[in-house]
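Pasting in a structure now, in structure tokens, and then I'll have a few things to ask.
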Amino acid sequence: MRENRIRKNWSQDKAVLCGWLAIPSSFSAEVIANEDLDAVLVDTQHGMIEVQMAITMLQAISTKGPAPMVRVNWNDPAPIMKLLDAGAYGVICPMINSREECERFVKACRYPPDGYRSFGPARGLLYGGPDYFEHANASVVTMAMIETREAMGRLDEIMSTKGLDGVYIGPSDLSIGLGHPPTLDPTAKEVLDAIDLIYKTARKHNIVPGIHTPGGKVAKKWIDKGFRLCALSNDARLLAAQVKSEIAAARG
Amino acid sequence: MRENRIRKNWSQDKAVLCGWLAIPSSFSAEVIANEDLDAVLVDTQHGMIEVQMAITMLQAISTKGPAPMVRVNWNDPAPIMKLLDAGAYGVICPMINSREECERFVKACRYPPDGYRSFGPARGLLYGGPDYFEHANASVVTMAMIETREAMGRLDEIMSTKGLDGVYIGPSDLSIGLGHPPTLDPTAKEVLDAIDLIYKTARKHNIVPGIHTPGGKVAKKWIDKGFRLCALSNDARLLAAQVKSEIAAARG
Amino acid sequence: MRENRIRKNWSQDKAVLCGWLAIPSSFSAEVIANEDLDAVLVDTQHGMIEVQMAITMLQAISTKGPAPMVRVNWNDPAPIMKLLDAGAYGVICPMINSREECERFVKACRYPPDGYRSFGPARGLLYGGPDYFEHANASVVTMAMIETREAMGRLDEIMSTKGLDGVYIGPSDLSIGLGHPPTLDPTAKEVLDAIDLIYKTARKHNIVPGIHTPGGKVAKKWIDKGFRLCALSNDARLLAAQVKSEIAAARG
Amino acid sequence: MRENRIRKNWSQDKAVLCGWLAIPSSFSAEVIANEDLDAVLVDTQHGMIEVQMAITMLQAISTKGPAPMVRVNWNDPAPIMKLLDAGAYGVICPMINSREECERFVKACRYPPDGYRSFGPARGLLYGGPDYFEHANASVVTMAMIETREAMGRLDEIMSTKGLDGVYIGPSDLSIGLGHPPTLDPTAKEVLDAIDLIYKTARKHNIVPGIHTPGGKVAKKWIDKGFRLCALSNDARLLAAQVKSEIAAARG
Amino acid sequence: MRENRIRKNWSQDKAVLCGWLAIPSSFSAEVIANEDLDAVLVDTQHGMIEVQMAITMLQAISTKGPAPMVRVNWNDPAPIMKLLDAGAYGVICPMINSREECERFVKACRYPPDGYRSFGPARGLLYGGPDYFEHANASVVTMAMIETREAMGRLDEIMSTKGLDGVYIGPSDLSIGLGHPPTLDPTAKEVLDAIDLIYKTARKHNIVPGIHTPGGKVAKKWIDKGFRLCALSNDARLLAAQVKSEIAAARG
Amino acid sequence: MRENRIRKNWSQDKAVLCGWLAIPSSFSAEVIANEDLDAVLVDTQHGMIEVQMAITMLQAISTKGPAPMVRVNWNDPAPIMKLLDAGAYGVICPMINSREECERFVKACRYPPDGYRSFGPARGLLYGGPDYFEHANASVVTMAMIETREAMGRLDEIMSTKGLDGVYIGPSDLSIGLGHPPTLDPTAKEVLDAIDLIYKTARKHNIVPGIHTPGGKVAKKWIDKGFRLCALSNDARLLAAQVKSEIAAARG
């Protein structure tokens, strides 16, 4: 099976720098995958992307070196399994608030006896190779999002779930969950403390801490602190930012 | 009929700052149309966009203020008329090298007796209003691209075509046509002289000079010089540029 | 945030007349949105429309004045949140049979602390404006469908759910649920009594009663009675009806 | 090869009543094809439909009895041949103004030695049957649109083109071409005279006269006069008309 | 209502030979439906196909004689009901492990009082006919997949579910569930015994046993044994097999 | 620029074995590209594929080793240039009957001064690399189809066109053109003589002879004879053949 670059980086204690796709297009996906990233994620939760479109975007990512990841729209086995069948090498699942929910997620990513994933890796075989089944359980990466007050009260319970590879912080939802306005670069002490606690708990359980960022500068800060998967805003926001700045230059 | 913002700007001697879409997605189209631009163009020539997709993108642009434009893939009445029917308020046509070609283009945008456009403005009626037919000939903007050595020898012939509203310079093709490498910000004297000549000839014939740019800084330069339609690179290139810069920041 | 025309009408005790889309096309969506309606709804339950297509249809509706609504295919947070992120200003959820189900629905439409909606309103920001987060909880409209015998036994329980804005009657399902054949214009006393009870209970709980209709005549009847959201059949049925009548005229 | 219902009707001197599709959706196509029509046409000229979408619409039409037709977007062999390969049994070609143009059109629909159609009837074989090649030249129907002043001056030249099966009048374009506003139900004497002349010339050359109509009543008028292919407005306009009338009823 | 060929075959104790679609295309669907099969199934679980695409594929199947079937991606009422509304005449549901799950599945396929299916059979009416509602409960076929160790322990409980028409064995998942590598032609005694037990239990409960196969030879074996629905691998695998063999011939 | 495997094979006098795609799906494209082929071609002439879909298929091919090729639907610069911009490394153009037509084709594939290709290789840069412009003229492969009696009379004129890399024989069209029924494995002496003459003339002009085949056995025959590009039927036909044979096995 083709090596999973996410795991490879982690085995070398290198961070995974991740592109994040919200635009439903295999062309913009390939534009991003062409850059010097370790992974590119198709966001089917808040991106304007559903599974049928995501499949073509996973193909586009596969033309280049970054590992293909997805964020599923909910903790639901149907899209999790379908996107794995479509060749995703890593899955981020939103809104994990308990051990039970975390197991439901992780086991959807693992064939029996480790989980209940159903067999039929259509594109997985094309991308991963004919020995996909033998290695998929050990290769596919699972990350649970911690983004509610409820989850903050159950960090150990969630992070000790067997088979869970990491946690991923969505600063906006975490901020809202703790009573603050949404922001990708939180400054509220309560939120920063929560991020710190998630980070330390992840380290304690030997799973990988990851966090969403508004861009490279903040990503660097978190990577320096020890986070090992950082995504850079998303394609739509980066595009808007660049356009705004060009317009400003043009309008003088 | 809904006013054409392109003509309105021109009537006030204000430049039209134009977004340029190469990504086949109505979502990224709306992201761009949401910014402070005067027009947004769907590029069906070099963009990865065909007419069916362009229709949804013209709808997306219509949710916001910029005027909807298109670049057709060739001087062919079928896509010209279809994209006008889909609500485009301006058409840029590539590779116009003679009066005959220019007439073929311009007349495809005009109902008889001014041209040979066929009637059936499906979405044009929805966007423009029920009196679309009465005003379309006077409202729709036509711009011919000057980008070959052949065209340089026929500037007067082309620019005096009845009904032509402007010319648009593609610096890359013009550079290649004159024997230089492609660039959106030419420095070769021969190319700059050609741009200058196109500009002056356009002014002489009372049509609007426009030019493609790599971004806001160069756009400002041309607008200051007198160009009245400048497009800012394209969405795919702007996206790649922003991603590159975020990656550089993240990687330190 | 852009005003929600549904709430505005309701605040003035004016009915919301609603178009209903079952045809998967952003063009037919815009054709309908071009008419004198207060809202247009994309039906992802019984319409031949899934979320990816619905996004382009919400864009099409946004080119015109009616408020964009959706019916989700089930009481599932994934499509509810995705369609809100895509800019829907109102959600109708089918088959609500208990307080627990109703809370699951309503809270999926509200950011914490009112609910558990996850943050990332991609197109919501484009349609609603940059202050979307501040006003979304108060602006987005939620309507639960009452269409089973089970729900009829729990009207107070359901309609007193905090954050629920209205109920919507599907006469066909309600008829079937009560043992009658499906019809959009019921005459069976049991069904009419149920509609009356739903109406009165809604009024008692200060939420808005709405009902699906086969067309304008029946809609007028219900609006006169006090219903404040009435949808007109759907695009596919209206199209078939019109075609049938033209064929009859042609065939003499 | 499956019988062509268009030819069958004509052989019995029965008019072909034709649905007309401008909405890009295979579902609305099937809704129309489900009605009592003799043919259903996918309009890739003024409809918001390109060839890729048209293919799925031709499939939808094939689930029912009406013969599948197309209007191509221009007299261009590429879409003509592709849509025939996709199973169209009849082609209407816009803007035929000379014998040369008419031959270019008709021959694109015929395999050598009758024309220059290229072989590869992918879906044609599925719809028509394995003996498609043997019968296609004799079965596929070709109709040229007469809609300009130029064409009016060359009726005999055009209508005597070998292999041409009929002419189709677009009253709007014909009206514009003759200096009148566009209308599907012309009353200007000059236009009515032109229609009459086209009709008589068609009859003289033993080809079938057809005409576009705003609906059943006008269609009946023309059928009674002798026209043998009449299309009923289009799906988008019929839909809008029905919605308008339902709204009027609802608003009282 | 149009007769259900699946039930017809079963009533005559004839096996249903079923094509299986994993390629998201209405054209390949029609290619398969054109062959001598009794049913063609759109696989939205492991196929690269989601519901929006499946609708066009069900249309393509409807152009030919085989009955249209679907496999849903999970035991979830939303896709089950949507695909039935789209005209599916049979549903296979994966991963049924208990009576409760089986009832949830079967009742999603039945209108009240037999189940909780919601009314709105958009394309079902077009394919099935105007009396669809009267006959749908009795006509639509439901098959539960037995593919886990858990389900093996509850065969009687599952198979005695009221309204269940058959069971379908996925040999790969069943093999994995029982601790063996995935294969469509199992030879492990434990797996073969499980298949035998499923077969006998189905016969005992008077429901139809079905099984997935790698191709015609194995299908014949199972049909001879008494299975009454056998699918032939899937389109993607058959295509790959044929290409491999042609390449081998070409490369000598 | 990424090496062109087609040219590499030819430089070593090795045949290019080519897959041929008629099914509009990026998944089936990747299934084929996963096999041991030298090139995979997207057929936009007789395949049910238009340019927008072809772009995603070229992406799918790019995930694997075979070189991406296209057949354009006609000798028209718009699709030729768009598909090159989308990353095609080789273009087959149908129905070339004269030197003039051949130049129009070949020059559409070459930047000035060799031709008139317009600059903007959106996906070409992603697939080919940043030095695409420098090498594209020398790398992109052009093949003209010889398939009419007219072309047979002008072989030297066509094949001596500067920049033409090869000719491609479509046996079906060639057969029809010479008065025989269409077949991919001709036996008529006149057709075989024509093929032989095309072969010898190509060799005389030092361009590459290629031919379409019904499968591997015939491909081997032609490769042994000296043809250096042979395509294997197409995906739709291979799929149908394999299904037929599995059905036969199943039905015994």
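Order of writing sets the chain letters: A, B, C, D, E and F. Residues in each chain are counted from 1.
Please note the rule applied: a contact is a pair of C-beta atoms (placed from the backbone, for glycine too) under 8 Å apart; a residue touches a chain by one contact, two chains touch by 3 or more.
All of these numbers come straight from a predicted model, not from anything done at the bench.
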Worksheet, complete the sentence: Common contacts of chain A and chain E, by label, are C, F
Worksheet item: Expressed in ° and rounded to a multiple of 5, what is the rotation angle of the C-alpha superposition of chain D on chain F?
Response: 120
Worksheet entry | Whole-Å gap between the CA centroids of chain B and chain C | 41
Response to the item:
Rounded to the nearest Å, the gap between Cα centres of chain B and chain F is 34
Worksheet item: Using CA atom averages as chain centres, what separation in Å is found between chain A and chain D?
Response: 52
Response to the item:
Contacts with two or more other chains occur in chain F at residues 22, 24, 27, 31, 34, 48, 50, 52, 55, 76, 122-123, 236
Discussion item. Following the definition at the start, I'd like every touching pair of chains, please.
Written reply: A-B, A-C, A-E, A-F, B-C, B-D, B-F, C-D, C-E, D-E, D-F, E-F
Worksheet item: Which residues, counting only chain F, touch chain E once they are in their complex?
Response: 17, 19, 22-25, 27-28, 31-32, 34-37, 48, 213, 215-217, 219-220, 223, 230, 232-233, 235-236, 238-252
Discussion item. Which stretch or stretches of chain A touch chain E in the complex?
Written reply: 50-52, 55, 76-78, 81-82, 85-86, 111-113, 116, 118-123, 133
Discussion item. Taking the touch rule as given, give the residues of chain F at its contact with chain D in the complex, in rising order.
Written reply: 22, 24, 45-50, 52-53, 73-74, 76, 79, 94-95, 147-149, 170, 172-173, 176-177, 179, 181-182, 236
Fill in: Residue numbers on chain C that touch chain B, as the complex places them
26-27, 30-31, 34, 55-56, 59-60, 62-64, 122-123, 126-127
